[in-house]
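Okay, got some structures for you below.
What follows is chain A paired twice: with chain B in the first complex and chain C in the second.
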Partner chain A sequence: MSEVYKLIHPVKHFNDYISIKTRLDGRNFDEHRNIKLNVNSIKTADASAVVKCGNTTVVCGIKLELAVPKAEEPDLGFLITNVELPALCSSKYRPGPPSDYAQVINNIVSEIIKNSKCIDLKDLCIVPDKLAWVVYCDMVCIDHDGSLVDACIIALIASFKTLLLPSVNYDTETEEIKVETNERINLKIHGLPVATSFAVYEHFQSQIILLTDPTNYEEEMCGGNGSNLIISYNKGLLCGIQKLGGGSLSTENNEEAIRLAEQHTIAVEKVINACLEGKGTNK
Partner chain B sequence: MVSQAKGSAYVELRKTKVVCSVFDPREIPHQNEFRQLGQLYCEVKFAPFSCPRKRRPYVPDVEEKALSVALRQALEPAVCRHFFPNYQIDVLIYILEHDGSCLAAAINAAGLALANAAVPMFDIITSCSVAVIGNKMFIDPTEIEEHIAKNSTEVNHGIITMSVLSQLKQISDFTQIGSMDVECVTKVMEVLLKECEIIVPNIQRVLVVDVVKNFELKKHLEAETKKREEILKKKMDEWRSLLNGQ
Partner chain C sequence: MVTDMKDVQDFKLKPMKCEFNFLSKSDGSAILSQGDTVSLVSVNGPLDIKMTSQRIDKSTLEVLFSNKNGKPSVENRYKENIVKQTCEAAILGSLYPRTGINVTIQELEDYGGFLACTLNCTCLALLNSGVSMRNVFAAVSCAVDNQGNVILDPTHAQLQTSTATMTFVFDSRDKSLITCFTDGCFSQDAYREALERSRSASDLVFAFYRDIIRKYCNVIG
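Moving on to the complex of A and B:
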């Protein structure tokens, strides 16, 4: 019955739920979904992590390659992120070249990682001007149920924490490269960036409602471009706010959102640390 | 497994990990003529981190296209295509980790996902592969074994993947890479038939468990709705009596 109602009057259906201060899956407005995290599941990748935020599933795999640093930045390595939204994650995407939305999410994720300065590119350089690491981070979404950026960042950080860089011996005279695959060095990560997504909904009494960790259905109801507001935090320092469509925000809403994001960051940190100690657990 | 898809499945053959999702029938794009039978659109994609030796580029390379075509050939005899004429069903496969037997894993996953999506099928489809190096047979080869089999210089070398419709006792697809003589092929076929038979009970069990779970969930939800409807009815009766009393 409610499925039929959902199809015929989608806006009213959604409004009814918001009016009684609850959401379709029974959460409060500022409640997050459970996070499940597992690392080192994919052996062909140098580091990997699988994250499930509710139904949203993201797999992150990291592959390392060697390259010559750029001439104008001889002591910096390379960090290349890529977000893939294959057609199987949602009926919205068709098979073919990466959709616009995938490129938007990719941009957001790489901006967050760059601005949070969690990876120092100088650490990735082995011999200045001769040899540096290229870290390819590929995040694949297997199930798109909202809050993509959150899940991507969690997966990325978890795989960074388990990444081990092999030691490389570079003979400057003969230009011989010897890679010791008994991987040793842990990648140094400064801080722990965490993103929180919100959907901004304008209730018909011109009341602004902030929905934390929206599902796909909620995102569509609030504009359709994905989460409207994404706030990223890195150890107490704000490292990015993006707003894409949705209702307008007053300053109080803004402050409340930032406060919620801060709380969420602490919770996610606990999950990641617990997972890395036990190598695979739930929230 | 994938909440956004009509039907989905996840198959792990030891280390090889494959996700499959199936979507509702949709109109065939760029289509002018009317076709009596429905189409299956299969696409296989490898994750960039799935191959042990190097990273794969984005452009669907030859191997992915070949796998997609092979998958389509294997699935077409199993699906009742006359039930959705002029429509197309998307079967999308994503390979998370490639450790050999990709086509076999993909066919198994696709069969499960199609069944999960309630697409009418003639039979359960199962698939298995064997690598042949010289006079040794390796059932369900890993990536290293496949690599050796492909590049071996012995008389008999290669990989055979076979998919079988078990109840109907029909072979839906037979793919062979490499060169081997006829006796070798017949021996391998017998082995593969037996292996595919062994997989069938597992698939049946998974499907039945899923159906039973959904059934029980549905009953539970219906019971709850009935309770709520009763409460609502009582309230309505109260109000009616109040209105009538006034």
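Moving on to the complex of A and C:
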């Protein structure tokens, strides 16, 4: 009966749930879904991670390549992120070239990483003007059930944490490159950026409700996929606040969102550290 | 920090100049300069679009952004998305089901705060085209310099030394936040201060809209 009601009167059905202060999957407004994280699951990649936030699943693989740095920035390496939304992740996407939405998500993810300054591109340079690492970060969404940016950032950061750079010997005279895959050093990560998504729901015009870690259905009910409020933290500083359209926010909502994002950041940091420690002891 | 702001600040924005109907063939167009930053926006619609992108409950908004060199890039998609999402919250799309509204943006000069200028220009072009809107919106940009001070509507020189930039878009009715995007690292206090100062400064933009409308349409002004 409830399923029929949901199909015929989707807005009223959603409203009724919000009125009794609960969400469709039984969570409270400020509750996030369980996070499952696994690192180094893809052996052929240089570093990898799989993350599941509720149903949202993202696989991240990192591949290393050597290249000549740009002439304008001879002491910087390259960090290239790519978010893929294949047709398999949701019925909304068609096979073919990357959709506009995938490009937007990719831009948000790469901006968060860039702004948080968690990776110093100078660390990726081997010999200025001659040789530098190119870090290709490919994130593939297997199942898109909302809060995609959060999942992408977790997967990416967990992969970075396990990334080991092989040591390279470069002969300046003969220009010979020798890669020692047995001698590897950790890549320096400054802080641990975490993104938190909120859906903004206008309940009876006046009341604004923030739904933490929304599912795909909740995102759609709150003004479409692109209109989440995304707050990112790194080392206690904000490194990106995005909100594009959707419901409008008052000052109080803003304060609440910042407070919740701070709490969520601590929780996610614990998950990532616990996962990495678990892997460390198993070795 | 918010309380003692009023005596410190005399909310000043860069001088704004605007011309309506800059393009003769579009349904609505506006060119806006904020200081040295200039943006040109044309709006066409509601018009016929192909079946696959039609929506039965509201109009489809299509935004095209072209920068100075004309090359398409991922960054352009992101800027288009910002304008699209912001306009969708403001336009009464349900009045024009199965149609499309086209917004075309041309970058002319970028000396800082370009997206804020573009969003304001888009709002003026929409007003000029006569598309029904729920409310108008005003965009204000802010920068945080290396001492942590918030600068309202920064100039090109100020942007070179700033550590973060933020852009806020407010609606005209209760001045609540519609859109917000940031660049760089900043503290919570800087964010709060920037938000409140931009909110107050948005009044100036709304007053400017009113002046322009009064000049061009003496019936509704």
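The rule we apply is simple: the second predicted complex is superposed on the first by the 275 of 283 C-alpha atoms of A that agree within 3 Å, B and C clash if a C-alpha of one lies under 4 Å from a C-alpha of the other, contacts with A are read in each partner's own complex, and residues count from 1 in each chain.
Simple rule for what comes next: contacts are C-beta pairs under 8 Å (C-beta built on N, C-alpha and C of every residue); 3 or more make two chains touch, one makes a residue touch a chain.
All of these numbers come straight from a predicted model, not from anything done at the bench.
**Student:** Do chain B and chain C fit side by side on chain A after the overlay, or clash?
**Tutor:** Overlaying the two structures gives chain B and chain C room side by side.
**Student:** Which partner chains sit in contact with A:Lys117 here, chain B, chain C, both or neither? Use first/second/both/neither.
**Tutor:** second
**Student:** Per the contact definition in the header, classify A:Leu244: touching chain B only (first), chain C only (second), both, or neither.
**Tutor:** In the superposition, A:Leu244 contacts chain C only.
**Student:** What angle, rounded to a multiple of 10°, is defined by the Cα centres of chain B, chain A and chain C, with the middle one as vertex?
**Tutor:** 120
**Student:** Which holds for A:Thr162: it touches chain B only (first), chain C only (second), both, or neither?
**Tutor:** After superposition on chain A, A:Thr162 lies in contact with neither partner.
**Student:** Once the structures are superposed on A, label A:Asp143 by its partner contacts, choosing first (chain B), second (chain C), both or neither.
**Tutor:** In the superposed model, A:Asp143 contacts chain B only, not chain C.
**Student:** Touch test for A:Thr81: chain B only (first), chain C only (second), both, or neither?
**Tutor:** A:Thr81 contacts neither chain B nor chain C.
**Student:** Can A:Asp100 be said to touch chain B (first), chain C (second), both, or neither?
**Tutor:** In the superposition, A:Asp100 touches chain C alone.
**Student:** Could you say whether A:Thr265 touches chain B, chain C, both of them, or neither, answering first, second, both or neither?
**Tutor:** It touches nothing on chain B or chain C.
**Student:** Which value, in Å, gives the least CA distance between chain B and chain C in the superposed three-chain arrangement?
**Tutor:** It is 10 Å, taken between the nearest C-alpha atoms.
**Student:** Per the contact definition, I'd like the list of chain A residues that touch chain B in the complex.
**Tutor:** The contact residues of chain A facing chain B are 1, 41-45, 48, 55, 57, 59, 61-63, 65, 82, 84, 86-91, 95, 97-98, 136, 138, 140, 142-145, 216.
**Student:** So in the complex, which bits of chain B are touching chain A?
**Tutor:** Those in contact with chain A are residues 1-5, 8, 15, 17, 19-21, 23-24, 41, 43, 45, 47-52, 55, 58, 90, 92-94, 96-99, 225.
**Student:** Quick one: which bits of chain A touch chain C in the complex? Just the residue numbers, please.
**Tutor:** Interface residues on the chain A side: 100, 103-104, 106-108, 111, 115-117, 223-224, 226-227, 234, 237-246, 248-251, 254, 258.
**Student:** Chain A touches which residues of chain C in the complex?
**Tutor:** Per the stated touch rule, the residues are 74-75, 77-78, 80-82, 84-89, 166, 171, 174, 176-188, 191, 195-196.
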